[in-house]
Structures are given as C-alpha cells and as structure tokens.
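Same chain, two partners: subunit A is paired with subunit B first, then with subunit C.
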Partner chain A sequence: MKTLLYFAFRNLMRQKRRALLLGSAMALGTCFLVLASSFVAGISQTLFDRVMTYVAGHTSVIVCDRGFMYRTAMRGEAGFKERIAKLPHVKKVDETIGIMSRIVGPTKGDNGILIGTDMDAQMSQAELRDLEDNFPMVSGAFKDLTRTDVPNPAILSKGKAQYLGLKSGDGFSARFQDSRGRMQVGKFTLVGIFQPSNAFMEAPFFVSMRHAKQLLDMDSTDLPYLYLTLENPTVNAKIVADTIFKMFEPGLAALPVRLENGKSVVTAVAAGVKADSAARSRMASYLGAGIPWKGDVVALPERMALELGVKVGDTVRVVSGISRGGDTISDRAVLAGIWQPPAGAEGLVLWEEDAFQSSRSFRRSQSLDSGLAQAKAASSLLDTLLSPNWVRMNRALTTDDVRDQMRQIGARSWKAPVVAVRTMYETGEQIIKLADALNLITLVAVLILFLVVLTGVVNALRMTVRERTREIGTLRSLGMQASQVRTLFLMEAGLLSFLSALAGTALALAAMFGLSQLTFPIEGNPLSMLLVRGHLVFVPEVLATLGQILLVIAMAVVAAWNPASQAAKLSPANALRHHE
Partner chain B sequence: MIHPTKSLHASAVLVLATCALGADPDGAKILKALEANETLSADIHSKVAITENRAGQGAKSLKCEYFRRDSDKSFVIAITAPESDRGNGYLRQGEHFWMYRRNTRTFQHVNRDESIGGSDAKGQDFESRPLSQMYAPAKDAQGKELVRADTVGGVPCWKLEVRAIVSDVDYPKKSMWVRQSDLLLAKDQSFSSQGTLMRTGYYTKYQLVAQRQVPMRQVHVDEVEKGNRTLVDLSEIKVGKLDPTIFSKAWLESQSK
Partner chain C sequence: MNIVEIRDLVKNYPLGNTTVHALRGVSMDIAQGALMSVVGPSGSGKTTLLNIVGCVDSATSGSVKVGGSETTSLSDRELTFLRLRKIGFIFQTFNLVPVLTALENVEFPLLLQGTLPKAKVREKARQLLEAVGILGHEQHKPAELSGGQRQRVAIARALVTDPDLVLADEPTANLDSETGDSILRLMQTMNQERGTTFVFSTHDPQVLRYAKDVVRIHDGQLAGG
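So, the complex of A and B:
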C-alpha cells in the first residue's frame, strides 16, 4: 500500500501541469463549497440567534388579559419566568414589551413601537455587542437608557428622529395604551439614535424595561410576554415549548372578598361562575326562580345572606381588595339567588365571571391564601361552571394556526387571562423557510459545479490511462495485480482531490476573512437584515468542512472508478504492444 | 378620528331637563342625568360626516350611514364616502363585532382593543357601559365633590371633575362642563392617570331625538398632537323600528355592490 501511495504521488508529480490544472479546478470547487456553506451557516446563525430571538424568541410565552390582545400581562404570575429559566436547554428568558404608540415631536407625529429593554439585567459583553450589532448606534449607547439625570431616556431610529425633527437631548411625547387599556402620555428624552439595519427596525422606540413597566402600569409581579433563547434551538424549541405548555395547566381561581350591606359586613371567598347561555340555564336550576345569571350578580349561601340581611334582588357591595393605585376595589352586585354550597365551600360567594375576573385583574397581588380550597370543594357541584385562573390556548402547529389563534385570543369570549406557548417554527416559519431555501440553493449550485469539475477529472484520467498504457503493461508484467492497478489510479485521484480540497479550504478561509472585512451600506439595503454591522457573516464549522472535504474526495474517487477499472482490465501483453 | 358610534354613545349626553338640581350642584346627580340619556329605547338611523384634520396633512373626510338598535346591542356602519372606502363597514351583533372590507369581500372579527380604521376608537368603545359604572365625582381633601360653576363660550355650566372607579377605561380622569340650564354636556376634557390633558371635546347643536338630546356636532381636539382635531356632524336622524335584516352580514355586504 505504501508503495502504491508512493507511485501515486510520483505519478502526480510527473504530470505537474495537468495535476495542477485539475487540482486548481477541484480546489476552486471546494473553496466555493466551503465558502457557500459557511455563508449559509452565517445567515442561519444571524436569523436564528439575532433576528429570531428579537422577533419571536426560539420559544415564546404569549399572555393577555381577558381577550384584550394589547394588554400583555398576566397579573401576579411573574414566578413563571424563574421556573422557565431553570428548564433544561434554556439559555436566556427575556421579558418582552412592545406597544404601539404615537410618537409626537415638536411639529410632527409618527407611529412607533415602544419596546422595553432590560438594561438592569446582567447583560454579558456578548449580549450587549449583539444588541448594538442589531441596532448600530449613530449617537449615544444603549446603556444611556439607564441614565437618571433625564426623564424617561429613550432611543429612536435615525429616520424616525429626522422625521420628527429630534436630535439627541431633545424631549418628546408618546401616547400609548397601558396594560389596563387606559390612554397614557409619556414624556421622553432622546439619549440615543440608532441606524436601523432594515425597514422593519425603523419602528422600535426603546426605553428601559423598568420605565416601560412603570409607563404601562405593570409591576414586578406581572408576567409579560417571554421570549426564550435556547441551546440548539432547531432541536429544543418544541421540546421546551411542550414542557412550558404543561406548566400552564389551568386551575381554579378564587378571590378573598368582603361583602357589605349597610353596616353588616361578611368576609368570604369569591369564585367566578360563567355566564354564557348554558351556564345561565344551569345556574337557574341551582338558584331557583331568582334573578337571571347575567351582568354583575352574585349568589350567596343562605347563612351569609341572613348575616348581611339581604334577599334576592337586593344589592350588596363587594370589596375585593386594594388596587395597585391604592384605591379600594369595590363593586355593587345584585343578589341573584341563594345557593346550597357543598361541604368545604360554606364561605364561598359565586360571582359572575366577568366582574370576578376584572376585580381579580385589578387588585394588588397578594401572597395570602386566596381560599382556593373552597373553590375546589365547590367544583364537585359546579365543575365546568367555575371560572379558571387562566385559559390555555392549544399549541399552534403552523403559522396559519397562530393567525387563527390570534383571532381567537382577540375574540370577546375570553373572560379569564389567556396564555399561549409557541415556537419559532410557528411564529418564524418564514425565516426558517428562508434558511432552508438558502441551504438548498447552495447544495444544488455546488452539485452542478462539481458535475462540471468531475467531468474534467474523468476526462483527465482517461487520457492518463491512455498515455500510460504501456507503463501499466510493464507493471502488470512485473507482477502487479489488476486490483492494485485500479487502486493506484484511485489513489492518484484521491490524493489529488485531498490536496486540492485542503488548498480549497485554505482559500475559502482566506476569502471569508477578506469578504468579512468589506463594509456594505445598511441604509436602503434589502439584505441588510443578514449583515452584522454592515459586514457579511461566515460561520465555518469544523465538522461540516471535514464532511465537505470527504465529499470532494469521495466524488473524485467515484468519478475515477471507471477509468481506473478500465486500466486494471488491460492484459499485460496488449498493454505492452500499445502504441500511441 | 372619533367614531360615530363613540360619539353617540359616549357623548350623547343628555339629560332629563326635569332633573332639577338644587342650589348646591350634586355631582352624582349630574352623572346620573347624563347617563339617563345614553340608552335609546327606539332604533335610530343617522348620517354621519367625520372630518379629521391632521397637523400638516390637511383634512380627510369620511361619510357613513349609521343604524343602531339598542335592544340587542346591534349596530351597523356603512361607509358611503370617499370612494376608496365606500362599501366598507362595521357590524356588531350582541357580543360579536366585525369589520367588512369590500375589496376582499371578507368579514374580519374586530378585537376588543383594536383600533377601528386607524382611529383612536377601539372595539371596546362599542361595548356600552353606563357612565356611573365607570366614573364617580372626584372629591377634594375634605371629601367635597369637585363641582363648581364655570362658563363655556359664555354659557353658564357646572364643571364636574370625575375619576374612574374601574381601571379599564380610556381616561382615568375627566372634567365635564354641563350646561346649568338643561344639564347638557357642553365640553369635556380627558386626562391620563398622570394628569396630562389628552383630549378636549365640544358638543353643540343639540336636537331632541326619541326623547333624548343628541349633540349634532362634536369637535374633538387632540391635546397631545397639537393641530389634530376631529369634527363629527350628525344629520337626518330618523327614529323608529328598523328593518331587522339591516343588522346582518348580508345587508352590509350588499351595500358594497
């Protein structure tokens, strides 16, 4: 074998010019293959790790308050963020706030999206660099969002700032709807301007997450949207989403309340009861001929009604806690009927679901026992009539499903908070398709290129066999076996392709370095989303490159098989008689 | 832009003229009087013209026909002008609220907090809620209601300050100027929770419709984006039972043909 390898190498050296030409073609092919593959890997990395994490997260948790799509908070459930962060494969969990707003400058207004950026979180240098890669700053820096010497520091895109007539240090206003649905106006100070990498990035208007929460009337107990960054997202996104989906198994909801009728006061626990037509009918059977179960109504156990001195049709004051603003949350509900609670639910007030859930949403979060045990005891009788703590949407499987789900979430039938868990495969299907398409295009282009190159290889080997027919005859006469002749030619092809592939890989690495030094304009460039700070991104992967070198060798050897076999089949006598 | 329904609902403010107040104005009674006029017992049909002025962008006009039936919380808005919007419309049937687009011939469900036609009106605004369930008179440190005499355009009014008693209203604070003579709303101002003035509305040319006073002209001034204002004119108001088929998708779709 060693001798054959020596012969193969010697033969290549004997025909330097041909070997060089053929090798150059194979090297260029390999160079293109490695370059294209690294470019696609770079695009995929940019799409998955930069674009996708900002646009939708590898996996995301979507929440909204009672069918109000833009009230993106689930009250009192912030603990989920910590639990999700501890799941396997989860690298990072980002709270996400993005609210449509109207930005008002000195003379003009324009629409924008108020984005909360968590500058208080421990952001690594790499994360900060990623952020600034996505939003390269023209003036100021993202850390300026933490400034305390100006009111509500904010960062706008260059185009937006120019349109609104704003420069760094200027003040402006923005009108938006807070997480309660109230119209608000915030005063901001422009502390930074970024150059958007594409048209989509024009709209964001950044403030610190802390300020965003204050402006939107959210606090640390609220759970906003969560975007997750995962290890190996293509594999883990659905696994993690399934796990989170199970974590959000809905349960029952209960609320401590105080009922008042004049000077009579009773402390109780309230549970929400649905009020759709089927529920109304069932409640009518439980309550007898009372007030229809519709609007702001309650049903009390008989003992409680007696203590309060109220009868069916009377109005009671329901105090359900203290609002975040410090006001007492109270409501006037009509006593629709008297209900017979099962054991364990003797202190349970049934409250129409809408009024119940809205009080639950507005009250300040408390860690006290909310009396869930009583609601659970009542479920033996009321089961599906009881209002849940939240509604979990089914997992969407496609982008169309997500679209339908958004419609469903926005429909008015939801009375409880709504939660949905998604992966990038549903929310960023287009981006994934783009990466797949690029991979396919590259593969097809490379295969065509190699077909051309390998035709050359076959041709060159055929000529070599013809030229060296008498030499083959001599070798066969000296005792070389037919299989050894074939191996010799295959080794020549293999050796040539190996050396060419190495040279091609080195050339590709040099080309990547050179190309990544070029700076492309970002403004008005439709492909700028794929650039990082105006530079192309290449991600050469060791295993992929080794695989590509092996592919090139394998293709060359396969192409050489037929000419090598022909050489091996020559009889020594005929070969020796051969004349050009 | 202020939506016609919003105009009728939220500010069709009026009052039983017989609801006489004593020498000391009572904020709760003023609110009740305003609320008493909110629900129409009869069906109503009106033409509505909305002119929206945007700073630096000139005026944009929209005309529509408005059909309302309070007995089952239904209404239909059929846009008649400009030509580019003609045939589009909105339909509410009880709990459901759709937007119809002529070009695609599709009905799309409108979300509760979705902007209607790019205006500041939202789906939720069409869910009528009694005024007294949303607001109560604001009180000073001594517990006295913030009601005092004032004038609007020389007309004596009661200026009543109210605050939201629920959290999910557009504006947590409002000031209302109610004419002393007939307890009709003359002007209101809406504030954010931080106390920033966001919108001012003026209500004029009241007309008696089905025993309710309806402001035939309203002007809404955007106090945040200076120079923006919306003018709402109602005309040809007719009262009486409307053909039930009007409150259907088929009818709204037929208007685009």
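So, the complex of A and C:
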C-alpha cells in the first residue's frame, strides 16, 4: 500500500499542469463549500443564539390568566422559573413581558410593544453588549433604564421617537392593559433612542422589567412568559420542552374561604365547578332544578347551610382572602343548592368556576394544601366537573397548532389559567425556514462541486488511463494485480482531492478572515439582523470542515471509480500493444 | 528439466469480420537454463508466443505449462502472481516507468512482492544495477538515460525477483548494433552466471550467435530449430 501511495504521488507530479488545473477547480469548490458552510453556521448561530432568543426563545413557556390572551401571568406559580432553570441543557431562563400599548407623544400617538428588559444583576456584560448589538443606541444606553431620577425610564426607536415628536429627556404617556385586564395609563421618560436594525425592530418600547411588572400589576409570585436559552438548541429544544410539559401536569384547585350571612360565619374550602351546559345538567341532578348552575352561584353542604342559616336562593358573602393591594376580596353568591359531600369533603363549598378562578387570580397567594385534600375527596363524585389549577395545552407540533391554540385562547375556551410549552420550531418557524434555506444553498453548492469534481476527475482520469495504457500493461506484466491498478488510480484521485481540499480550506479560512474584517452599514439594511456589530459572522467548525474535506475526497474517489476500474480491466497483452 | 512445455498451442485474434490465426498448433519445450531465441519475420507470431508463455495473453486452445503450472486454467489473479514470482520481462521499447528513477524501477517488482524489507530491496536492486553496469545512474529517470542504459535497467528489473524465466521481446530492436551486442552479451552472462532461462525473440539473424537454442517460427507455426 505504501508503494502504491508513493507511486500515486509520483504519478500526480507527472502531469503537473493537468493536476494543477483540476486541483485548482477542486480547491475553489472546497473553498466555496467551507466558506458557505461556515457562513451558514455563523448565520444559524446568530439566528439561534441571538435572534431566536429574543423572538421566541429556544423553548418557551407561555401563560395567560384565565384564558385572557393579553393577561400574560400565572398567579402564584413563579417557583416554576427556578425549577426550569435547573433542568439539564438550560443555559438561561428569561422572564418576558411584551404588551401592546398606545404611546402618546406631544403631537401624535402610535402603537408600540411595551417590553420589559431585565436590567438587574443577572445580565452579564456580554448579554448587555448583545442587546445593544441588536438595538444599537443613537442616544442613551440600556443601563439608563435603571435610572431612578426620572419616572419610568423608557427607550424608543429612532423612527418612533421622531414620529411622536420626542427627544431624549422628554416625557410621554402610554396606555395599555395590565395583567388583570384593566386599562392603565403610565407616564414615561425617554432616556434612550435606538436605531432599529430592520422594520420589525421599530415597535419595541423598552422599560426595565421591574417597572414593567409594576405597571402591569404583577409581583414576584407571578409567572410571566419564560424564554429559555439552551445549549445546542437544535438538539435540545424539544427535549427540554417535553420535560417542562411534564412539569406542568395539571391538578385540582382549591381556595380557603370564609362564608358570611349576617353575623353567622363559617370557614370553609371552595372548589370551582364548571358551568357549561353539560355541567349544569349534572349539577341539576345533584342539587335539584331550583336555581340553575350559572353565574355567581355556590352549593353548600347541608350542615354549613344550617350553620349559616341560609336556604336555596339566599345570598351569602364569600370572602376569599386579601388582594395584592391589601383589600379583602369578597363576593356575593347565590346559594343554588345543597349538596351531599362524600367523606373527606364535608367542608367543601362548590363555587361556579368563573367566580372561583377570578378570586384565585386576585388574591395574594398562600398555601392551599389543606383545601386540596377536600377537593380531591370530592373528585370521587364530581370528577371532571371540578375546575383545575391550570389548563395545560397540548404540545403544539406545528405553527398551525400554535395558531389554533391562540384562536382557542382568544375565544376564552378555558376559565382556568392556561399554560403552553413551545419550541422555536413552532414559534419561530420563519427563522428556522431561513436556516433551512441557507442549508439548502450549501447543499446546492455541494452538488455543483460534485458535478465539477465528477466531470473533472472522470475526464482527467480517462485521459490519463488512455495515455498510460502501455504503462498499465507493463505494470500488469511485472506482476501488479488488477485490483492494485484500480487502487493506484483511486489513490491518485484521492491524493489530488486531499491536497486540493487542504488548499481550498486554507483559502476559505483566509477569505473568512478577510470578509469578517469588512464592516457593513446597519442602518436601513434588512439583513443587519444577521450581522454582529456590522460584521459578517463565520463559524468554521472543525468536525464539519473535516467532514467537507472527506466529502470532497469521497466525491473524487467515487468519480474516479469507473475510469480506474476500466484501467484495471485492461488485458495486459492489449495494453502492451497499445499504440503499437 | 523443462521450465516451459507447450502443446498444440493455437491463438486466434478476431480482426473485424475476419480471424487472424497468430499461432497454429505450436508444440515445444524450453529447458531450464536455456538461452533460446525465437526467430521469425514480423507478424510470424513471435510476440504472441512470448506473451502466452509470459502469461500476459491467453491461448485459444492447447496447453501451456510454466514451471509445472497449466496456465490455461489459471485465473487472472493466479497468472499475475505467477508473473510476479517466476517470470521476468524485457521489452523492445524498454517500458520503464517514467516517474521512477532507475533504482526505483528495479526495486518495483520486489516491492510488489512485499516479501523483503525495504533495505534488502534497495541492496538487491543496487547489486543488479551494478551487475548490469549502470550503478552510477541509479538516481536518473528513464528519460535521462540512453537506449542501452534503459535496456540494462530493464534487464536488472527483469532479474531482480530471481525469476525462473526471462522473456525478452526483440530486446535489441531499438538499439544500435553495438549496444544491442552488449545487451545480448549481458543476457548471455546472466544466463551463464545465474542459470536464468532466457527466451528472446528477434528477426535479426545477427543476434542468433548469442543463443544456445534457436526456434524458427513462420506464419504461426514452428519451422524447426
């Protein structure tokens, strides 16, 4: 084998001009392949590590209060963030707030998206730099969002600030719906202006996460949207999403309440009971047909009704805790009927689901363990009628599934809080498609390269075999086996392609260095999203490059197979007679 | 003892719509240690006979035994192996590998055999080059050598594997008479000193004086010896 390799190398040097021409074509092809692949890897890295983390997260947890699409919080479940942060492959968990708002300047108004930016300690210098790369500042800086000397520091895009007639330091107001569905008007101070890298980046209206939560009436116990940054997102996004999906296994909900009728007071636990037509019909069979199970109604165990001195049709006051603002949350509910609780649920009040979940949403969270036991005991009788602690939406597999889920949320198909776990594959399909398209371009480049190699190698080897027919006859006469003749020619093609691929890779690395030194304007450049600080990003990966070199060699060897086999099949006598 | 035994050897070539009868029932023996010349005019079948004896061409019919092996029943792989081990070739046009030096050309068959370490291969090749009188030119490529020097390298290459039989197809045809004589004298010396069997074809009656045995061939048939 060593002899053949040496011989092959010497043969390669024989036709220097031909080898140089073919080698140059292969080197250029390899250069293009490595360059394209590194560019795609660079863009993919930019898309996945920078753009996707802002747009949708590699994996995301979407929540909404009682099915209201724009009330993006799940009350009392903030603990999930820490649990998710501890999962394998999770690099970072960002709370995300993005609310449609109407910004009003001195002369005009315009729509914008109020975005909470976490400016607290957990943002590293690199992350801050990434943020400023994506939203290059014309004036001010993102850290100005933490200023305390002005009310609600905010950052707007250059175009929006100009349209609204605002400049740095000006005050403006914005109208938005808070997480409880109330319309709010906030006063803000413009502390920074950024140059959007493209038209999509015009809309954000940044405030610090702390201010955003206050403005939206969310506190530290609330779980907002979570956007996850993962290690190796293309591999792990779905795995992590599936794990989180399992973490959100729904259970039953219960709420400690106090029932009052005049001076009579009873402490109890309430469970929500659905009120759709099927549920109404079932409840009628338990309670009798007196008052329909609809609106703000309760059903009490007989002993409790006696203690309170109420009968069907009377109104009771249900006090369900203290609101976040410190007020007592109370409600007047009609006693729709008396129910017979199973063992263990003797202190359970059944409450129409909408009113029940509304009270859950407004109260300050506290331990519900004692109440849950009663709700669970009641499930032997009421099973599917009981309201859950939250509704977990099925894992969306496609963008269409996500659209369908959004429609269902919009139609308020659920009364309980809703949680959905998604990956970038469903939410950022357009970006994934862009990455796929770039990969397709690389594939086309490979096919063109293959065609060049195929044509070049086949032609060159055919010519070589023809020229060296007599020599093949001599070698066969001297005792070289047919298989060794084939190996010799394959080695010549392999060696040429190997050396060419090495040269092409070196050329590609030099080109990458050169191209990455160029600075492209960000302003008005629709592709600036793919640049990092105005520079193209190339990510040459060692394994991928080795794979590409092997691919070029394999293509050359495959192309050489036929001519090499033809050479091996030559009869020694005929080969010796060649040109005679 | 015969190194080659040929019986009723027939070789036909298709040529367009006709058939060329290159050999028409040749029977002959070549004794171990012979220095035989096959003589005949161009187209008489000399090269065909040598090619079949040298296992580079196949017989249409008949029997050919080389070193006791019936070559007409061997596979291509076995025939190649037989050539590598037992037969050396010297060609009219020298047929040296142009990219290899004189020394590497001589080493090549031994490297194909793969039985000797590299140092031994080199030593043996040098000895042969010395024996054929060309030691000072071992690093020269064939293009840098004269016709006579190339044929000496070819003889060294043919002998380096210690073959039982060396076949030389018109080894002097491309050489001037003085160089041709020196090549034939070299073959004669090698035959005497090493006992190697040499069979060479020629159409030049002048070279016959070097042969111990002469076989005449005409129109594919032996004419007597």
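Keep this in mind: the second predicted complex is superposed on the first by the 474 of 580 C-alpha atoms of A that agree within 3 Å, B and C clash if a C-alpha of one lies under 4 Å from a C-alpha of the other, contacts with A are read in each partner's own complex, and residues count from 1 in each chain.
Heads up, the rule we're going with is that contacts are C-beta pairs under 8 Å (C-beta built on N, C-alpha and C of every residue); 3 or more make two chains touch, one makes a residue touch a chain.
The structure displayed is predicted, hence computed values, not measured ones.
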Which superposed partner A:T107 touches (first subunit B, second subunit C, both, neither): first
Touch count on subunit A, higher of subunit B and subunit C: B
Touching partner for A:R407 - first (subunit B), second (subunit C), both, neither: first
Which of subunit B and subunit C A:L306 touches, first, second, both or neither: neither
Which of subunit B and subunit C A:R182 touches, first, second, both or neither: first
Contacts of A:T474 with subunit B and subunit C, given as first, second, both or neither: second
Touching both subunit B and subunit C, residues of subunit A: none
Of subunit A, residues touching subunit C in the complex: 3, 7, 10-11, 13-14, 470-471, 473-482, 484, 571-573, 576
Residue numbers on subunit C that touch subunit A, as the complex places them: 51, 54, 56-57, 76-77, 80-81, 83-85, 89, 91, 95, 97-100, 108-109, 111-114, 157, 161
Residues of subunit B that touch subunit A when the two form their complex: 55-56, 95-97, 109-114, 120, 124, 164, 166-172, 190, 192-194, 196, 198, 224-225, 228
Residue ranges of subunit A touching subunit B (in the complex, touch as defined): 67-71, 102, 104, 107-109, 173, 175, 177-178, 180-185, 217, 323, 325, 358, 361-362, 407, 410-413
